[in-house]
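Each structure below appears as structure tokens.
In the two complexes that follow, chain A is the common piece, with chain B as its partner first and chain C second.
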Partner chain A sequence: MSVLRTLPLVVVFVPVVVACLLAVGGRFVGRAAPWIALAGPLFAIGVGTASLDGGASGAVRWLGVGETAVRLGYHVDGLAAIMLLVVGVVSVCVIVFSIGYMRGDRGYVRYFALISLFTAAMAGLVIASDLVGLFLGWELVGACSFLLIGFWYERPEAAEAARKAFMVTRVGDAAMLVGMAVLWRATGTLELDAILGGVGALAPSVVTVAAVCLLLGAVGKSAQFPLHIWLPDAMEGPTPVSALIHAATMVAAGVFLVARTWPLFEASPEARLIALVLGTVTALGAATIALPQTDIKKVLAYSTISQLGFMFAALGVGAWPVALFHLVTHAAFKALLFLSSGSVIHGSGTQDLREMGDLRSKMPITATAWIIGGLALAGIPPTAGFFSKDEVVASVLQAAPWAGVALLAASVLTGAYVARATRLAFFGTARGAKEVHESQWTMTLPLLVLAVAALSLGLAGPMIARALGAESEALSLGIAAVAVGLAAAGAIGGWLLAADGGRREQALPPAFARMWGMVRNGYGFDTLATNVAVRPIAKLARFIDEAVDRAAIDGFVEGLAVAVRRAGALLAGTMNGDGQSYTALLAVGVIVLLAVTVWLVR
Partner chain B sequence: MTSLVLSCTLIGIGLYGVLTRRDLVAVLASIEVMLGGAQVLLASYAAGVSVPAVGEGITVVVLATGAAEAAIGLALLVALVRRNKTRTDQIEEVRG
Partner chain C sequence: MTLTALIALPLMGAGLVLIVGRVRPSSARVLALATASGSLLLTVLAVTLPAAISTPASAAVPWLLRADGLSLPLIGLTGILGVVAILASWGETRRAASHFALLLALQSAVTTVFLADDLILFYVAWEAVLIPMFFLIGVWGHENRRQAAMKFFIYTFAGSALMLVGLLVVVFTTGEVRMSALTAASLAPGTHDLVFWLLVAGFAVKVPVFPLHTWLPDAHVEAPVAGSIMLAGVLLKMGGYGLLRLALPLAPEAARAAAPLFATLGIIGIVYGAFVALAQTDLKRLVAYSSVAHMGFVVLAIAIGTPLALTAAMLGMIAHGLTAPLLFLLVGQLQDRTHTRELARLGGLMRPLPGWGTVFVFASLASMGLPGLAGFPGELVTVLEGYGAFGWWMVAVAGGIVLAGAYTLRAVRLVAFGPLPAEWAALPDLTFPEALATVPLVLGIVVLGVWPSLVADTVAPVASSIAHALGVG
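So, the complex of A and B:
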């Protein structure tokens, strides 16, 4: 293998080495940690740029039993290159932003070590050429997500949120493992090229089972209904982490997985229908939940779930290049929104929308960045979100009108919740107690970079489509006009709702207020999940602990010990200290042995 | 056959003495009787073996060992007598 062909591997190895370096030598690194951590993402950007028109691939034998071997391979094609660029650019912005945001934190170096490890895992996930490597990266990003949600582990809520995120995504991951096992059984390989090339030869039922299992993995990772409950809690982590992992990259890995294994889904209408239904339900449901939130990060969390629902709906109708396009623009504008909210939290000391107000006059750069992100999220031209969302809605409308209408309704709500949050945070009268200040340049610079991306990435649509080897969709003006009109109407509604610093919401009629509270709690789905899934499983676990572990296994071991001890005590009674009785026993023993020997020989 | 009966008788008498007598000297003497029983058997059966004098040789070695053993046994006995212990039921330290 030539050096050039193995070059893409630097996107994994450099950040891994950096993470180890920071973990081991953290004390000597100190304030230089973020600058060292930049190495990994910069390599990702480099390799991604160089590989847009297709790059290298290769593989090494990793684990083997006889003739059967698991190979770890990499394959950098257009899809992987786009993902590498997204991961690289957002990582660089987040790392630079974190210099100021995390300053003075006790875990400063640990933070950057984990970010670096995450970059490595994410890069490994996207360049993997087989399901084993992909799954390794998949689990590693999950582990990094766990460690970073629980970054402030002294806080019980953070530790609990980290555990929840890990466990809920694990449900999807278990299904994904089953899917991999099914594919292994049917094809005898886990290499993507071999599997995807041979889909036609497989039984339709096998393809559907495998596709649905992989889809469940994607649903868990991308926080789609009904496994969406972990993402809002994941907001306990530092805000830049939310921007990187829980908005731009890791949660989009589910969309990437489906796109990567697309031929499986192409051959299975059932799996596509499930993706469409789940995506549509999630897009609409999460958009309603985002509306009454009072925590600025929770608004963005539900918004992320909703936007990922848009992508899944696009996947469901077969428009995976469009879903990828929306993934890219969403990564830009949602990272921008999250980092803006981080700047807001840093500057105002609160993340409660009710305690903000009029931040625009004190934080003009942050406010501008937020508004650009918000316009992109609502899909207002000429931002990037307009182009990608229009393509999503148009392709869904064409294939499944009911889902398209639902997505249009979600667009109305999107405009409403982002306008409401904007007015509450940046307009009106100041309601916070603390002196507000604009953030330093290391925090505003990434905002500007991402704002430019959120404004201009719409033009990258044809380029992305070309890198994916797909036809670029022409802008459908009619649908675009309707969607923009609806989003604008929603935005006006949301703007009016947020009048008087949110007091109008509190003055609503009681019946409506109760509903408002229920929606804010995510329709109580969390409680439902606790009652339906968590409690019975915990009960089962307790039963196994008591009946199997303690009663059966411990009982056997401890019973054996007791029996031996009793027998010993019994035998000790014959040892009375009298040498002659010992001799008598000896004589009896000899006679018995002799008798046995004679009897055996005879 | 006679020698076998003689040997068994001697060993039986010796064992009976070892198990029943409380006097340490008598126990020691009974052990010697058992040893004698074993030697009788060895010597008499050696006569039927094709290689001559092996059985007799071993018997002589056993005799010598028996003498040495008796010397050690008597020395231990003297040590016990000095502690005022001349009977078997006075020795019961080796107990479970």
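So, the complex of A and C:
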């Protein structure tokens, strides 16, 4: 273990090598691909475990002139170690799960190569000791996400979703780049230790601008309002990918970024307030949208957005270790829920909740796993979600009561949507046409592992706090009781709503149905974004191309050429053909130039 | 010695290819490839062994050459692209020997531009570059090749005529033709502005700086694949090289005064090029406009003028010199199969062309400036240093970076992803020579992206001295 502690770069290099091997030797690897791909995440677990109390660091000069240089380094502190453990464990579960889930796919090896590359990039992101390395990993996980959302590239929805995800997050990334430039000018370095250690010496306005820019990057990556619109579409990717990238790790990178650069946020109340407002709005808004969804993955997608909102709210009130605690438990129970839904989709052939029902009798292991994940998501004791969510709600209530109340309302909705989805999928009468079967052991085993984590990680709170160098929060019993009661009440409401296999929803009055439809469409925010951003930009691009580039600029050039040619032809006294007039033009030109030169230097 | 050989070898190869091509046309391409590979080997030697390039200024050397940190990366790039261009036109059947001979002659001329220490030689080589390129476009190009070749020729010739005046002013007022002996102090104070703007006229057309770019898309669209590779890869770099080599060091005060204008034009180029690329319906035209955007970064970096930014300008040129040729190569390989470049008619090509599609997606990500690949280091440093020099204008640059994603991903979406039209279902994937042509570029893109110091450390001393002359180092 001590070897792993001193050589943490294996968490990047091993999966990169694996990805290259799979990419090049794909046809020889065949069904061994997933087993080879396990190497990277296993090293991540090893290094993470060995470095919980702090690990190695190092840096090299990457690019520079003289003293001014951009350095690239790594530092495995407690925060990085925790993230490595999350990435490693979830990756292992997802890779094993994918053995069965992706069997027979023509892109089988490509899939595991991309997953391996993703784990390398994610590991690089979390162990980076400077903003360049962090940004490198940050963009590469985005590229892997793009390629994995578009894994089934022939489907127009998948191709479109991949592009949308990359573009929307890139808006945040561009802001992050500006933030890096602001810090570069102010401090002359991008190394985190140097920047964060010298925050006190920076002008408050500089700190706020930098923090807000970085926050925008985090908002894009973690799908917070108003850049949340890519994540629901990202569900077009294979479900294990949704579990790994779009639930447990990459989307949580925004929370990690804020935690990593915390001193900047500590010094900027404005940036914290933005995080709090956006997080609270997202937590509550996305929870409402999750309620009427009919696609099991869309429920989980909006749920993820909402839970990330909880974390951002915690960041906004300064409780970053609590946000990290919730990140860890959420990674476990949301990966569990996603993989369970993958098992459901695999076993029942549909992801439409209306076509499911009574799956519990045919898929008992999957149903149990889902229910454990659902209880954790709703924050019901003694699951892990109960402990971390209680800490989030308690810290927010204490610092900003209005936001705390909004989070409690979001908890009610969380209980409701998870109960509704659970009843529609696993209880009632079977509505599907297809013969349902329980999934094979390679798929159910990861579910069991994650279920154990979702049940027990609540006890890891003190350990996580210690690794982060923070005080562990005591359980706020009063708030916990209120929160659990509210979640349970919401769950009962959601359960009742899902009666008769969803027919009760359809029987509600028309005014309600209209609202229900609008909420299901995410309040039409997607259409709004298309109308105010995407279309006008495309229109402007066409205008610039036609009116400015072709007509004005090139038209001027061509017009000038015609005029000169006519003048040249006149001077030469002939009008017989292009070749001659060009020759004449050249001759005239050379003579004029020589004359000018001689005059200039006379 | 080596430097002279770098120029002489491809030129002699060109002559040999012409002669052999008369007798045995099938051997022409093999001979051309051998020559280009030999040149590449020599280039590697020159770049890695400083001793090989220390040219004694004796009477035995009929002209003056030199290779410093500005030249070395660019002759390295030229050496790589020389091989790639020949592999890219491996299947050429129309007057193949002449085609390969012109490519080698072009390589020789471009190498001379980057190595010349003599102003007259520099100018002769500069114009000599036009001739093979003119014929490559005019003879082997597509439908509107004649008009495009003429436009390319006249436009750049008009620019270089002004440059010639500038060079003559320098030569006549100082009595010195050696670049290495010239400094800002050698020029009479009154001539600085004049020299600067005359030189810039030639260089800015070549880069091209907005709004002098409209020859570029036409030339690219009509050029044969090897022509596009050389045009995007090295010919545009002559403009940036000229700015760094002559315009800035000879007239630093004029350059400082012009910096805000250049920065503005560079930023416009970044955003404008991206917007226009977003509107294109022809894949090759899209790539051509992406060149305008990428060279905008180079112009901006030169305007910033700090040692690191000037280094970034060179990084940007080398990165673009690897990425754009790879994209043009891929577009050429695609057109050989589909005989169309219309985005609306393409789609889903990942399925029949997995090898081509993978490299296309890779090249697109590189063109977007994905970290870890060649484009990123230069763009990152330009934004970092640009904020210090021009402040919030970097927000516009960041907007350009977002738009770069938009047009690139649009191309990927419309060409490689999505449903596959039935007419393309049976297309054959890359042949061995086609795949081989992509290899040096792919490797170069990864190496430069991971380890930019490879180029940066070579450029740094020269960048520092230019910046020092500018008064910002």
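By our rule, the second predicted complex is superposed on the first by the 540 of 602 C-alpha atoms of A that agree within 3 Å, B and C clash if a C-alpha of one lies under 4 Å from a C-alpha of the other, contacts with A are read in each partner's own complex, and residues count from 1 in each chain.
Here is the rule we go by: a residue touches a chain if its C-beta (ideal position, glycine included) is under 8 Å from a C-beta of that chain, and two chains touch if they have at least 3 such contacts.
Quick caveat, the model's predicted, so the values are computed rather than measured.
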Touching partner for A:N531 - first (chain B), second (chain C), both, neither: neither
Chain B versus chain C as contact partner of A:S205, first or second or both or neither: neither
Of chain C and chain B, partner touching more chain A residues: C
First (chain B), second (chain C), both or neither touched by A:A162: second
Touching partner for A:N521 - first (chain B), second (chain C), both, neither: neither
Contacts of A:A143 with chain B and chain C, given as first, second, both or neither: second
Touched partner set for A:T49, first chain B, second chain C, both or neither: neither
Residues of chain A that lie at the interface with chain B and also at the interface with chain C: 578, 582
Chain A to chain C touching residues, read off their complex: 61-66, 68, 70, 132, 135-136, 139-140, 143, 146-147, 150, 153-154, 156, 158-160, 162-163, 166-167, 170-171, 174-175, 177-178, 180-182, 184-185, 190, 537-538, 540-542, 544-546, 548-549, 553-554, 557, 561, 578, 582, 586, 589-590, 593, 596-597, 600-601
Chain C residues touching chain A - in the complex, by the definition given at the top: 150-151, 154-155, 157-158, 161-162, 164-165, 168-169, 172-173, 194, 211, 214-215, 272, 275-276, 278-280, 306-308, 311, 315, 348, 350-351, 361, 365, 370-372, 376-377, 380-381, 383-388, 394-395, 398-399, 401-403, 405-406, 409-410, 412-413, 416-420, 452-453, 456, 460, 463-464
Touch list for chain A against partner chain B, complex: 571-580, 582-584, 587
Chain A-touching residues of chain B, taken from the complex the two chains share: 15, 18-20, 27, 88-89, 91-96
